[in-house]
Every structure is written in C-alpha cells, then in structure tokens.
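One chain, chain A, links the two complexes that follow: it is found with chain B in the first and with chain C in the second.
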Partner chain A sequence: MVNLTIDDKQVTAPKTATIYEAAKMNGVNIPILCHDKKLKPFGACRMCLVEVEQMKGRQIPACTTPVTEGMIIRTATPDIVKARKMVLELLLLNHPLDCPVCDKAGDCDLQNLTYEYKVDSNRFSDEKFHHEIDYNNPLIERDMNRCVLCGKCARICDEIVSYGALTFIDRGIETKIGCEFDEALNCEFCGSCISVCPVGSLLARPFKFKARFWSLTKEKSVCGYCGTGCGLTLGVKDNKILTTIYDENQGFHKGQLCVRGRFGYQFINSTKRLMKPLIKKNGVLTESTWDEALGLVAGRLKDAGSVAALATPRLTNEEFVLFKKLLDENVGTKNYDHAAGYAHSALTEGFVRSFGTSASSASILDIQKSDLLLVIKTDTYETHPVVGFEINMAVKNKGVKLNILSDKRGKLSKLPDAVTLVHRPGSEVALLNSIAKTILDEKLSNDAVASVPGFAELVSALSAFSAEAVADQCGLTAAAIKKLASDYASAEKTLIIFPTGQAYTGHNADLASAVANLAILTGKYGKEGCGVLCLSEKNNSQGAVDMGFYAQNGGLNGMQVLDACTNGTVKTLFIAGENPLTTYPNRSKVKAALDSVEFLVVSELFLSETAAMADVVLPVCSFAEKEGTFTSADRRVQYFKPAIRKNVQIKTDYEVFSDLIARLGGNAPASGSAVFKEISEGVPGYQGMSHVALKKDSAFASVVITPAFVIPQATSAIPVEQGKLALVIGSALYHNGTLSQYGEGPMHVCPEGYIEMSHSDASANKIANNDLVTVSSATGSLQLKAKISTRIPAGVVFAPYHFSDSPVNTIWSGSPVTFVTLAKR
Partner chain B sequence: MNPITPIINGMAITLKHLFMKPVTLQYPTERPKVAARFRGLHALNVSHNKAKCVACYLCPTVCPAKCITVEAGEDANHDKFAATYEIDMLRCIFCGYCVEACPVDAIRMTGEFELANYRREDFVYSKDRLLEKK
Partner chain C sequence: MSDVVAQQAEETEPEVDLSIADAIIDKYIDIPGNLMPVLQAAQDEYGYIPRAVADHIAERLNVYPSQIYGVLTFYAQFHLKPRGKFIIRVCVGTACHVQGAPRIVETFFDKLHIGHAETTADLRFTFEKVACLGACGMAPLAMVNDSTYGGMTVQKVDDIVADYSQRPLK
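Right after this comes the complex of A and B.
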C-alpha cells in the first residue's frame, strides 16, 4: 500500500494501482473515455488528465500512471477542466453530432462528458469525416464518423476475445478502425466491441432505432443458453425484450457475453411462440383450453406402469424437483431422464465413480489461477465461448500454458504457445490412458496415490497403454504424448477442461474417469487452479444432475425410453422441452419411437419438430418469464426473476407440473422458494442457500471429493473404412442446442448446417466452398453445404448438430465417429 | 347610500354595453382571431417532401402527459424516420414542451383549435393527420 493525497484527501492505494484506480477506490471520479478496467491501460484520449505536484504541475493521464508513495494529485483544478474541455472540443471537431438519430444518445460517454463540461461551442472548425458506414453485416453497424479512436474495440477483440477482427488502419487524420484491408466485418459476432465503444460507432443492428436507452428497464437475468452461466441484463420496454445491455460489473465474466447471449434473445418475444394448448384431433393439432389439455394429460399419467418422461436441461432447479415429484410420487415411474442419458454420464457415472460426486472439482474461476490448462477438444471454445474468453485471458495475460487434445484444430489452438495434439477421432480415452501410464512410468505421480482405492488395478490395466503402443492408434508420436504427460505432471497447478453435450457421445463416463485419473495421480484437484472441469452443455445441465433428474434405481435412461416407446412398454411419453427428433442420435429410430408411443405430451415454447408429432402440446414460458434458479457447469447457483410478464394464456413448466400434481390428487409445494428450501435441505452442497440470499448474490454449491481410480474403457482403435471420412459432430459457436435457431441473431450469421472439411479432402472430392454435398453414412444421407477450412485434418469432417432443416442425426447414430462418403451434387 | 343608486349605476353600465362592440362571437359563422403564439393542434413540419422528424424520441420523453407515441423506422438509406407518430389529443395538455424539446424543429403548434370529434379513436392523431398541410 502507498499513501497519497488526492484532492487534499489523505488516501491509501495498492502499489499496483494507477492514479485513476486509486482515485476511484477512494470515491474520486476522474472522467475517462478510452480506459476500461478489463483492458490494459492505453492512454489515447487524455480525458483523464490530472496534476501531480511532484511533476511540477504537469498534466498527466491518470489511467496509465502508476501511483507512487507521497504523490499529491489534483483532479479538478481550473487548468485541468480547461484542458479537458479542449480535449472534448478537439474530439467534437470532426464529430458528426447527430445525437438525435444516434442510438448511443443517452448512454454515450462523449455526450455525457460534453454535457458535464458544458462544451457548447467550438473554437475550431474543420470538416466532418466522410467515412462510409458499414451496413454489410446483420449484427454490427460500424459508423467510423463517430469514432473517437479510443481503441477499446480493437483491444477487447484482441485481449479478451482473441479474434483480432478490428484494428487501427490508415495513418494521421485518416486513421480509423477497420478490418484488415478495410474489408467487411466477418468475425464471431460476440458484440464485445459494441459493449465497450464509448460512442455510437459500433451499434447492435437488431436493436437499431428500437428504443432510447433511457426508456429501457434494465432487468438482471441469467443467460438461458449454455452452462457457463453468464449473467445477462435485458433491456425491456412495453413488456418486450428489445436488447441486452452491457454491465461491466455483472458476474465473474464482467459483462462479457458470446454471440448467443448477446444476440440470441429474440426468441423470447418471437411471434412463433405457442400461445394456446394444442390437442391432436383427427390427426390435426387444434387449439384448445388448458383445462381440457391438462385433464387429458392427467388422465393418461394415471396409468403409472407405462409412463416415461424426458426433460430439457433448460428447466429451473425448482421445476426439476417438481417434475420429479410428479413422476416419483404421483405418477409412480422411475423412467425419466434428460439430455438423452449419455450427455450427463461424465458427471453421473464418471465423476461419481472417480470423485464420489456428480460435480466438477474446479470452477471457471480456477482457469486464470492455473499454471497449465489441458483442454480436451478445441470445441470447448464453441460450446462455452465465455469460458473460452477466460482461457484466452489466462494464456495471454497470465502466461498460463495451454495444451489441447483434439480431433481438429480450433480457435484455442491459435493462442500464443498453445500446443495442440491433433489425434484420430475417437482415441481420446486411449490417449489419456497413455498419459496416465507415462506419469506412472516416469514416476511423476503424487506420493500419496498408492493409498487411493483402485491404484493397483489401474496400474495393471494401464500396462497396455504405453505411449508407444497408443501413439499409432491416436495418430501421434510417443514423444509428443510423453512431453504432454511430463508438462502436465510438472506444472504446479493444472486444470483439465472438457465439454459434454448431446453431440459429444465420446465425452462419457470413461473419458471423465480417464481425466480424473490424471488429476488424482498427480494430486492436482481440490486446490486453487487445479482440478477437472466438466462443462455441461445447457444452462441448467448441472442443475438437472444435482436435482437427480436422471435415470436411477433401474429407471430407463433417455435412449432406453425411446426403445421402450418403440416396443410398446412405454405408452405415454411426457417431453418437457427436449427436441429429440433433431438432437438425439439416429433420427429414424427416434421418429419410430415417437410414432409408436400411444400418447405424446410436449411442453414447448415453439412448435418444434418433436412438438409437431405430439398428441398434446403445452405452451410454456422461457427463462425470461419465470423465476427460479439455474446451476452453472461449475455449480454456481444463480437466482433470476421474470424480466417480463408472461402472456396470460401460457403457463410456466412449474405451473404445469403443480397443476398435474393437484389433478393426480397430490399436494404441490406452495411456491418456488418452498421448493428451493427442500433443495437446500436435501441436495449436497446446497446447504444454507435460499432464494432470499441468492437474490443478493449467487453462491457456489460446495463439492466434497473422495478420489478413487477407475479403469476407463478405451475403445480399441477404430478401423478406418477405406475411402471414407471420419465424421465428428459437435457444436457451432453461434448455437446451443436447437433453441438458438429461434434466436434470430445467431441465425443471421449461421443460418444452416454445414460440413467442414480439409482442403485435401475437398479437392479429392472436387468440392468447392458452399457446394451442396450429399453426405452418406450407413444410417442415411443428408445434404449439407461444404465449408473448407484449414483446421480440419485430412480424413476428418465436422458437422454441427443444431439445425432442424438439416438434422445430422439422419447420418449419425450416436457413435463418436461415423464413417461417411461425400458426393458433390 | 340611496338604495336606488346602485341599480341606476348598474343600468348605466348595461346601457353602455348595448352600444359597445359585442364580445360574443357568433361561432361558427364568426371566427376568432388566433394569435401566432397560440398552442393548438400540432403539425409536423415538412421539408424536401418528407417530415423533418427524425424520431429522436425527445418529445415522448419530455411530454408530461405521456401522450406521444413514436416508433422509429429505418429507411432505404439506413436513415431514421418516424414510422409511427401519434398524439393522443384527449390527454395532451397543450403545454408545448414537445415543440421546445425538438432538436430539428420538426414539430410546431398551430392555431387549429376545433378538435371536437365523435369517437375516442378519432382523437389519436396519426402522422398523416399531423403532417403540415401546405
């Protein structure tokens, strides 16, 4: 700590603080324009000028100058005010001043400062800029005439997003912000640049001209897409969600969002939303009343022996508990599951066996505190982009080493000094086993491991997995595997990260145990910056697991439920929000199951492909219209309240379940907070939580680890089928599940399915970018647009799974690798 | 005072007024002279054959009666214009703040005061009805 004087006030500040930070900590406000606390100091605008006595009264920028002992600082002398006025006059010199038509007005730093410093005339005169305005992309409008060259957009895109789309181009008075060679913007559209731009140069086009900033009610919520659990601030007017608003103090991510969170909100007010219950009459879904629909459903649920249920991991914790209660107690069935059963097996089987708990032993906050990150699949960036930002910052700012095991390269591979081992698809577990074997062989393991149960068995089971034995199968060299093993073992703090989800069938219990073995062998868990972080796919996937909403005690799991529908043992299927027809493996099998089940109930926001097959469709609410809690992938429990009033014609899933409980003669808990009280009493780690406390701040559910070694079953080398390519499916950056299809923003930039392939495979099949390609597998064939990229190794093709119009499950039957042939149409 | 005097005084005043110009207007055959600063029905100023209004939302923001509805649109040149501009005359208090707030001099108040109508809906003046008639 150093002592200093700011405006005649004796204060202290940490040694590393800048004058600006020290002043802010002590309640003195220094105006800034180009500074952002998330970014490195830059010092471009000179708004923050202050006087330091020791520097003979010279005016220096507060945002870049570190404090020193005994500094005497004045922040608002007449001279400084004059200098700041001059800065503003010079900025306004070429500024168009079109506040009346500028969407930034009301939230504009330049406008606010101009007002505050009463700059109402200009001593200088010059021509205004005549830069061409970029309307070329549907999400971000770039009007460089308004730019004050603060560089924040270029810096955030580089320092946090690590994309580097924007930069200063041209020189002198011509300088402007643009893309390389002044081309159109074509980036990942996270909108981070919009969020930090202090003026109206970068604007969100979906919100353009929709409303003024001051007329919006700012409602705090939690993102309803992936398991990262970002906080969201929604801009609401007339009960409509018009935009998302940046709040630099929100959440661990400091207001950073990905394209889905920032631009994917339109589904909430979509005109395609279901507004009335539908009942199938004479083969046609016909509008009906809640009473009739729920009466019908309740009648069917009475036949306990033949009921099963599937739920989307997007329900709230309270809804999961209530749904479970309905099924367990009032219906009397154990056949319920979420995420097809396999997408949560890494947690519910893998971690349960290896760590004695169905939760990750690390949090997202550990990423920046680690020394070495081992990421399984570059897809981690696509599935959880804001976790990707954390990795970017860890690597770029904190010097954290990054090692990646993946079947393709990806954005993470481009980070400085990132080491990507591109292995053959499907060989992850064998590869991880050989790393464990190397750690054992080279005596890099922790001394205490011998006492962990299962050690001896593991040692003998791993004997077949020496780096040399596995290298070929993985398509890697033994040396690379050994290097990774010793890097992992020798770093002090290491964290393993892997995503799970409907598309990642290979990321199962075995993979979870294989990575857990590494952490246990080296003792790298249960400490800061160490552990294994399983990134579950949807916003409440971890919550669904914690609430126990999955097949247990002999209940049928997700895939078994579908089989049981086909063979007639399940006659009534209640699907709450899932869309198995597109997201579960093997479409024809799913379709047959949904066709054969006698009575299908679907509660949904939209008439999805699955809902269209139902006998009863119940229109329910999105996250923005209900209250509850979500548990993020790293077990952060967050409360959210409705951002808008729901339409009176629809119900929340909570209301649907409690109504059904009442109709079946049971007693539903009085309220969501009462249900949460049960959760806090019964769910391990949730002790002491309550809605009241969570309203103030989110809380982590604690995790207790009891390690054990488990032998992960590695698939033997997958034989390459001659002349065929290995198809791996996964997530696209712009989407999450099938919900983002209704989110408008994501669909503007990624509207359809595609098949990504290497240059060599493309030229071998005479395929060019955007060609329509017929992809055929043993399961079926599908037409997809070709996308040629350098990140895919030869022999491998990749397709995202989100699209109802080009469902990859027509060619994918659930195996981690599917062999396909390509034919140009 | 003689009780008859006030009556005589009163009659005198009455008599005087008989010979003065009457205040009452024989409306509607006779029309009042409206002062230039009178605050009557609004008009949206037109320039280059379109409304000057750029839909900046300042008038709905300032309006104390909250009776102005503006919805902005984006035209073919990506410029902002008022796709909807409505004033609910039943709620307007004719304060003129909207005129004062407008940064582009797009709205003014006219001498038009005959706003009576038969149906409530008819008091909501749409953009078409508000555009100045030249």
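Right after this comes the complex of A and C.
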C-alpha cells in the first residue's frame, strides 16, 4: 500500500493502482470516457486529467498513471475543469447533437459529462462527419459520426472477445473505427462493443425506437440459455422485455454477455408463446381450460405403473424438486430423466465414480488462476461463450498456456501460443488414456497417488494405451501426445475443461473418468486453478443433477423411456419443456415412441414439434416470469425473481406440478422458498443456503471430492467407412438447445442448419459455399447448406443440432461419429 | 470524371498467386513484429496489397484482418489498388506551384484520363501529386519512377506520355 493525498484527503491505495483507481477506491470520482476497468489503460480521451503536485504544472491522465508514495493529487482545480471543458468542446465539435433520436440518450457518457461540466456553448466550429451508417446487420448499428474514438469497442473485441472485428482505420482527422477493408460489420455479434460504447455509435438495433432509456425498469435476472450462469439485466417497460442492459458490476463475468444472452431475449415476449392449454380433440389441438387439462393429466397420472417423465434442464431447482416429488410420491414412478439421459452421464456416472460427487471439482473462476488449461473440443467456446471469454482473458492477459484436444480447430485455437491437437473424431478417450499412460511412464505422477483406490489396476489397464499404440487411432504422433502429457503434468496449476450436452454423446462417463484420472494422477484437483470443469449444456443442467432428477434406482433413463413408449410399457409420458423430436438422437425412433405412447403431455412455452404431437399441451412460463434458483455448471446457485408479470392465462411449471400434486391427493409445499429449504437441508453442498441469502448474493454449492481411479475400458478405433465423411454434431455459437430459435437475435445471424466442411472435401464433391447438399447416413438423409471453412480437417464434417426445420437427428443416431456421404443437389 | 473512375483497374482484381506471399511469410514467420516487413515485401512483389494477400497474411500470421487493414491505411506507403508500371509524380509544392505546376497536372489528367492517385486501366500509368520532391531549382518538376524531369512544360508532358507509352509493360 502507498499513502497519498487526493483532494486534500489522506488516503491509501495498493501499489499497483492507477491514480484513477486509487481515487475511485476512496470515493473520488474522476470523469472518464475511454477507460474501462475490464480493459487495459489506454489514455486516449484526456477527460481524466488531474494535477499532481510533484509533477508541477502538468496535467496528467489519471487512468494510465500509477500511484507513488506521497503523491499529492488534485482532481478538480479550476485549471483541470477548464481543460476537461475544452476536451468536451472539441469532442462536441464533430459529434452530432442528435440526442433526441439517439438511443444512448440518458445513458450516454458524453451527454452526462457535457451536462456535468456545463458545456453550453462551443468556441469552435467545424463540420460534422458524413460517414455512412452501417445498417448491414440486423443486430448492431454502427454510426461512426457519433464516435469519439475512445477505442473501447476495438479493445474489448480484442482483449476479451478475441474476435478483432473492429480497429482504428485510416489516419489523422479521417481516423475512424472500422472493419477490414472498411466493410460492413460481420462478427459473432456478442454486442460487447455496444456495452462499452460511451456514446451512441454502437447500438442494439432490436431496441431502436422501442423506448427511452430512462423509462426502462432494470430487472436483475439470470440468463436462461447455457450453463455458464451469467447475470442478466433486463430492460422492462409496460411488462415487456425490450432489451438487455449492461451492468459492468454484474456477476463474475462483469456484465459480459454472448449473442444469445444479449440478443436472444425476444422469446419471452414472443407472439408465438402458448397462452391457453390445448387438448387434442378429434386429432386437433383445441384451446381448453386449465381445469379440464390438468384434470385430464391428473387422471392419467394415477396409473402409476405406466407413467414416465422427461424434463428440460431449464426448469428451476424448486420445480425439479416438486416434479420429482409428484412423480416419486404422488404418482409412484421412478421413470424420469432429463437431457436424454446421456448428456448428464459425465456428472452422474463419470464424476461420481472418479470424484465421489456429481459436480465439477473446479469453478469458472479457476480459469484465470490456472497455469495451463486443457480444453477438450474447441466447441467449448461455442457452447459456453462467456467461459470462452474467460479463457481468452486467461491466455491473453495472464499468460495461461492453452492446450486443446479437438476433432476440429476453432476460435480458441487462434489464441496466442494455443496448441491444438486435432485428433480423429471419437478418439478422445483413447487419447486421454494415453496421456495418463505417459504421465505414469515418465514418472510425472503425484507421489501420493499410489494410495488412491484403483491405482494398481489403473497401471495395468493403461498398459494398452502407450502413446505409440494409440497415435495411429487418434491420427496424431506419439511425440505430440507425450509433449502434451509432460506439459500437463509439469505445469503447477492445470484445469481441464470439457463441454457436455445432447450433441456431445462422446463426452460421456468414460471421458469424464479419463480426464478425472489425469487430474488425480497429477494431484491437480481440489486447489485453486486446478481440477476438472464439466460445462453442462443448459442453464440448470447442474441443478437437475443436484436435485436428483434423473433415472436412479432402476428407473428408466431418457432413451429407455422412449423405447418403453414404443413397446407400450409406458402409456403416459409427461414432457416438461424437452423437445426430443429435434434434440434426441434418431428422429424416426423418437417419432415412433411419441406416436405410440397413449397419452402425451407437454408443458412448453411454444408449440414445438414435440408439443404438436401431444394430447395435452400446458402453456408455461419462461425464467423471466417466475422466481427460483438456477445452479450453473460450476455450481453457483443464483436466485432470480420475475422480471415481468406472467400472463394470467399461463402457469409456471411450479404451479402445474403443485396443482397436480393436490389433484393426486398430496400436499404441495407452501412456496418456492419452502421447497428451497428442503433443498438446503437435503442436497449435499447446499447447506446454509436460503432464498433470503441468495437474493443478496449468489453462493457456490461446496463440492467434496473422494478421488478414485476408474479403470479404462479397452477402446478400439472407430472403423473408417471408405469414401464417407465423419459427421460430428455440436452446438453453433449463436444457439443453445432449441429455445434460441425463438430468440430473434440468434436467428438473425444463424437462421438455419448447415454442414461445415473442409475446402478439400468441398472441392472433391464439387460443392461451393451455400450450395444445398444432401447429407446421407445409414439412418436417413437431410438437406443442409454447405459452409466451407478452414477449421475443419479433411474427412470430417460438422453440423449444429438446434434447428427444427433441418433436424440433424434424421441422420444422427446418437453415435459420436456418424459416417455420411455428401451430394450436391 | 465518372468515366475515368469506371476505367479504374480496381474492379477487375486479377487472381493473385499466394505462393509468393507464402514465401515471404515463411521467411519472417518466427520473427516478432513481422507484420510490417511482411507487408512491405508483399507490396514489393505484388506492386500493391491485394485483398486476398491481406487476408492470407492475416490467416498465417494470426493477426486480425481488421488490424492489417488498420496498418495498411495508417501508412501512406501501402497501396490497396494495383499501381501502374510507371508512377508519374508531379510536384505541387510552393516553388513548382508558382512555376505553373497546376497546368502540368491538368495536362497529365487530360492526356491520361485519370485523376490524382489513380491508375490507367492498362496498368501502365499511376499519377500522383506530391508535396515537394526537394529539387525546387528544377521547378516545375515531374518524376517518372526514378527519372527526373525538370523545367516541365505542357509540351514536355506530351513527350513523356508518348515516350512511356511505347515502353514495354512486361
């Protein structure tokens, strides 16, 4: 700490602080335009000029100058105020004063400073700029006439997003922020640039002319898409969500959002939302009343022996508990699951075997504290973009090493010094086992490891996995595998990250145990910056696991439930929010199951293709219309309250389940907080939590690790089918599950399914970008648009799985690798 | 003027041979701060920086394409359009101006049907007005590539254009 004087006040500040930071810590506000606490100091705008007695007569920028012992700083002398006024006059010289039609008005740093410094006249005059406004994309408007060249957009796009869409182009008075060759903006549309723009140069187009900023109510919530658990501030007016608002202090991610979080909110107020219960009468879904619909459902649920349920991992923890209670106690069935049963197996089987707990042994906060990250699949960026930002920052700002094992390259591969081992699709587990084998052979394992249960068996089982033995199977060299093993073992703090989800069938219990073996062998778990982080797909996937809403004690799992529907043992299927017809493997099998089941109930926001097949459809609420808690992938439990009032005609899933419990003669808990009390008493790690406490701040559910080695099964190379391409499916950056199809933003930039392929496979099949291609596998064929990219290795094709209009499960039956042929239409 | 612009060579950017760029990049790839030398060498080889070359350099050096464009537009030394084989530069500095440089410039415009910083469609000539060539004693002054022409007159413009029009392009 150093001692200094700011505006005649004796204060202290850390040695590393800048004058700006020291002042802020001590309650003195220095005006800024180009500075952002998340970005490196830049010193462009000169608004933060201060006087330091030791540097006589000079005005120095507070945002770039570090404090020193004994500094005497004055932040608001008449000279300083004069200088700041002049800076504003010069900025306003070119900045158009079109505040009445500017969406930024009311939230504009330049406007606020102009007001604060009473700049009501300008001694200079000059022409305004006449740059063309970029309206070429539907999400981000770029009006460079309003730009003050603070560079925050370009810097956030580089330092945090690592996309680099924007930069300073041209020189002198002509300088502006632009893209390559001054083209239209075409990026991943996370909107980070909008969030930091101090003026109205970068604006969210979906919000244009919707409302004045000051008429919005800011409602804190939690994002309802992926498992990262980002906080969200929703801008609400007249009970409608009109935009998302940036709050730099919100959450671990400091308000950073991805395209889904920022632009995907429209599904909440969508006109396509279901508003009335529907009952199938004479083969047609007809509007009905809640009483009739729930009465019908309750009647069917009484036949305990033939009931099964599938739930989406987007329900709240309270709803999962209630649904489970309904099924366990009032219906009397054990046949319930979420995420098709396999997407959570990494946690519920893999981690349970290896760590004795169904949760990750590390948190997202460990990413920036680690020394080396081992990421399984570059898709991690696409599935969890804000975790991707954390990885970007760790690598770019903290010098954390990044090693990637993946079946394709990706955005993460482009990070400085990132090492990407592109292996054959489906060979992940063999590869991880050979890394473990190398660690053992080279004596890089932790000394205490021999006492971990299963060590001796592991040593003998791994003998089949020498780097030389699996190198061919993985399409890598033994040397590359060995190098990776020694890098992993020799770094002091290492963290393994892998995504799971319905598209990633290969990221199963075996993969989870294989990575866990690595962490346990080297003792890299249970301490800061170390461990294994499983990024589960949806916003409450981890909560669904924690609440125990999955097949246990002989209950049928997700895929088995569908089989039982087909063979008639399950006669009533309750689907809460899942859309198996699009997201579960093997569409014809799913369709047959849903066709065969006698009675299908679907509670949904929208009339999804699954809901369209139902006998009863129950209209339910989105996260923004209910209260509850979500548990993020790293087990951060967050409370959220309704951001808007729900339509009186619809119910929350919570209300549906409690109504059904009552109809079946049971007693539903009085409230969500009462349910949460049960959770805090019964669920390991949730002790001491309550809605009241979580309203103030989120909390991590603690994880207790009991390590054990899991003996790897022998793996064999997936036989390559001659003349065919290996299809891997996964997530597109802009989407999460099928919900994002109703978020307008994601659909603007990624409206349909596609098949991504290498240049060589494209030219071998005479396919050009955007050609319609028929993709055929053993189970069917599907037409998809071709997308040619450099990131896909030859022999591999990739397709995202989110789209109802081009359902990939017609050609995918759940295997991690599907062999397909391509034919240009 | 619009006709002249339509004749500009930029619209028909020829297929570029990226192997030349690859050879340059291979030479500099392991050197920190390699972007400037790579761009300079590429311009020497191609005569300008074609879009495809800029994108290729971005991909191989792992630099954002936007940043490459930022560098290319910051430095006056880089050109984004094909340049003529013969670069005609006419000084419009003070000494040349008073000695009649504006008429010399106009005459070149009329003869070549191009304006300032433009290139003829056959890629023979690029014309540039420059501030001072540092030889005010020879005003008004013109240069064609490295050859200097002092005491310029309208007649001399004809001679220069006629002379260089006959020289081989390859």
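In this text, the second predicted complex is superposed on the first by the 823 of 825 C-alpha atoms of A that agree within 3 Å, B and C clash if a C-alpha of one lies under 4 Å from a C-alpha of the other, contacts with A are read in each partner's own complex, and residues count from 1 in each chain.
The definition used in the following text is that a contact is a pair of C-beta atoms (placed from the backbone, for glycine too) under 8 Å apart; a residue touches a chain by one contact, two chains touch by 3 or more.
Here the structure is a predicted model, which means the values were calculated and not measured.
Enquirer: Where does A:133 make contact in the superposed view: on chain B (first), on chain C (second), on both, or on neither?
Expert: first
Enquirer: Would you sort A:167 into first (chain B), second (chain C), both or neither based on which partner it touches?
Expert: A:167: touches chain C, not chain B.
Enquirer: Is A:101 touching the first partner chain B, the second partner chain C, both, or neither of them?
Expert: first
Enquirer: If you tally the residues of chain A touched by each partner, is the higher count for chain B or for chain C?
Expert: Answer, by number of touched residues of chain A: C.
Enquirer: According to the stated criteria, A:210 is in contact with first (chain B), second (chain C), both, or neither; which is it?
Expert: first
Enquirer: Enumerate the residues of chain A that count as touching chain B in its complex and touching chain C in the other.
Expert: None.
Enquirer: List the residues on chain A that touch chain C in their complex, please.
Expert: 158, 163-171, 178-182, 414, 416, 790
Enquirer: Contact residues on chain A for chain B in the complex?
Expert: 99-101, 105, 133, 135, 208-212, 214-215
Enquirer: Quick one: which bits of chain C touch chain A in the complex? Just the residue numbers, please.
Expert: Where chain C meets chain A, its residues are 51, 54-55, 58-59, 62, 64-70, 73-74, 80.
Enquirer: Considering only the defined contacts, which chain B positions touch chain A in the complex?
Expert: 54-58, 61, 72-74, 78-80, 103-104
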